[in-house]
Amino acid sequence: MTSFLRKPPSVQTAAGVIITATAVVVVVGGIAMRLLDHKEYSNIWVGMWWALQTVTTVGYGDVTPARWSGRIVATLVMLEGIAFLTVTIAAVTSVFVARAEAERDAADAVEEDKEEDRIGARLDSLDERLERVEGMLRKLTS
Amino acid sequence: MTSFLRKPPSVQTAAGVIITATAVVVVVGGIAMRLLDHKEYSNIWVGMWWALQTVTTVGYGDVTPARWSGRIVATLVMLEGIAFLTVTIAAVTSVFVARAEAERDAADAVEEDKEEDRIGARLDSLDERLERVEGMLRKLTS
Amino acid sequence: MTSFLRKPPSVQTAAGVIITATAVVVVVGGIAMRLLDHKEYSNIWVGMWWALQTVTTVGYGDVTPARWSGRIVATLVMLEGIAFLTVTIAAVTSVFVARAEAERDAADAVEEDKEEDRIGARLDSLDERLERVEGMLRKLTS
Amino acid sequence: MTSFLRKPPSVQTAAGVIITATAVVVVVGGIAMRLLDHKEYSNIWVGMWWALQTVTTVGYGDVTPARWSGRIVATLVMLEGIAFLTVTIAAVTSVFVARAEAERDAADAVEEDKEEDRIGARLDSLDERLERVEGMLRKLTS
């Protein structure tokens, strides 16, 4: 977590990784539940149905692990679900924030260009005056 | 997802689209459940009651699809629910961030105006000196 | 929603309003459920226990409204719950983002001060040269 | 809340505190449930299994507190769960936003360097002209 906060991955990489990880967790979690708890999970589709409910935090509770091995798998699926929601929300939010910023930056750039133009105009008038000074001196020395 | 991250829609458009999509998903999901699972869903209002619980991730589990056709519809409703929560949170967050930024930008603009004023004052004093120089030269050459 | 996105309230106001609104919804929702569904909700504490589960989207489903009047109240409580989560997450996120920005802005301000100092040093050297020019001209004209 | 919004902790501190707090809440909540409700919670592992479901807002409802003492503990666990989700999402979002900003800031810095270079070039040409003026005056006065 700490190293992640210090050197974060690109937003697109993180979004891609978490979506893939979630798909893998739903499939692998479903298969694991079928293997660990034959009675409650009569086939792997029931396992995957449970895993999807868990990952999205819907949690109907129509199928839940009754054995401890299954509950340990469930713990991992729940924590991955939180990671999935967190990264998805963070990725989309950062895109929305960036878009708003881009618009404000464009307005700022116009303002800065105007500022540069004002300073430029003053430097122009200084330059014109210096040109006249130089012209008069040239006459004097010739 | 990738193309969305690269060329994102406006925040207001995204918020409008997802709220409309969620309302449609609750209604269509409710009707679909009634059609696919007559026993569990005795009328379309039960279907919509279930869809709303699912989309908000509350998931009481008092009504859940028992048939596979219903569970496939439920999968779509759950994923739309995540999209709804994500876009809603992202939209409101970007508004709050923008507001905080606008205040900070106003303070920055004041600081930049002061900086421009300081440079302007120095250019003024250069200009006055040059005016005196030009005046003396004019006397010399006349 | 649209007007909210255009003229947003202050982050602190929004956070205060939503926390108060959520406390009110838990209490009023609990009382409403007791009044509307005597059988399932044997006292107002059961109603408030249900409302808190709903607002936080935990939704155990140990107590759920069976009557339609109760389900309409539940719909409002669920939607308020989403608003509560959204505004809470948005408020805390904008505080975290603002903090990170404040640090970056401080670094930017140091950089801009250096830039102003460099321009200032060049204006100083121009001024010194002009002072020498003015001095020589004064000698010539005296 | 208000004081938190005004003088916020560092993002990394907040993330560390909330992750530790959540781990403590799951363990202590599990033990408390075992002590308060012997019938429903046959051992502390059942208590912790319930606490984890609650903190992540999954809420299957396969184990729920039936006594009021347990429901008061549950209220605290639910509210801590919301704080956990909020701070986790806010921390990761602020990291993603900061990363996007850092890239934009780098582009801005290049633009500002160019602006400084353009002003510098004009100051150079003013300086050259002044040097010629000074040279001519030196000849005149010698």
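Per-chain numbering from 1; labels A, B, C and D assigned in written order.
FYI, a residue touches a chain if its C-beta (ideal position, glycine included) is under 8 Å from a C-beta of that chain, and two chains touch if they have at least 3 such contacts.
A quick note: this is a predicted structure, and the numbers were derived from the prediction, not measured.
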Pair from C-D, B-D or A-C with over half of its contact pairs in common with B-C: C-D
Residue-number overlap at the chain A/chain D interface, same or different (half cut): different
Distance between chain centroids, defined by C-alpha means - chain A, chain C (Å): 18
Gap in Å, rounded to a whole number, between the CA centres of chain B and chain A: 13
Numbers and ranges of chain C residues touching at least 2 other chains: 11, 57-61, 85, 89, 91, 93, 97-98, 101, 119, 123, 126, 130, 133, 137, 140
Chain contact graph, described as a line, ring, star, complete graph or other shape: complete
Contacting residues of chain B [partner chain C, same complex]: 11-12, 15-16, 19, 45, 49, 52-53, 56-62, 85, 88-89, 91-93, 95-101, 104, 108, 111, 115, 118-119, 122-123, 125-126, 129-130, 132-133, 136-137, 139-140
Residues of chain C defined as touching chain A within the complex: 57, 59-61, 89, 93, 97
Chain A-facing residues of chain B, complex: 1-2, 4-5, 8, 10-11, 14, 54, 57-61, 64, 68, 71, 75, 78-79, 81-82, 85-87, 89-91, 93-94, 97-98, 101-102, 105, 109, 112, 116, 119-120, 123, 126-127, 130-131, 133-134, 137-138, 140-141
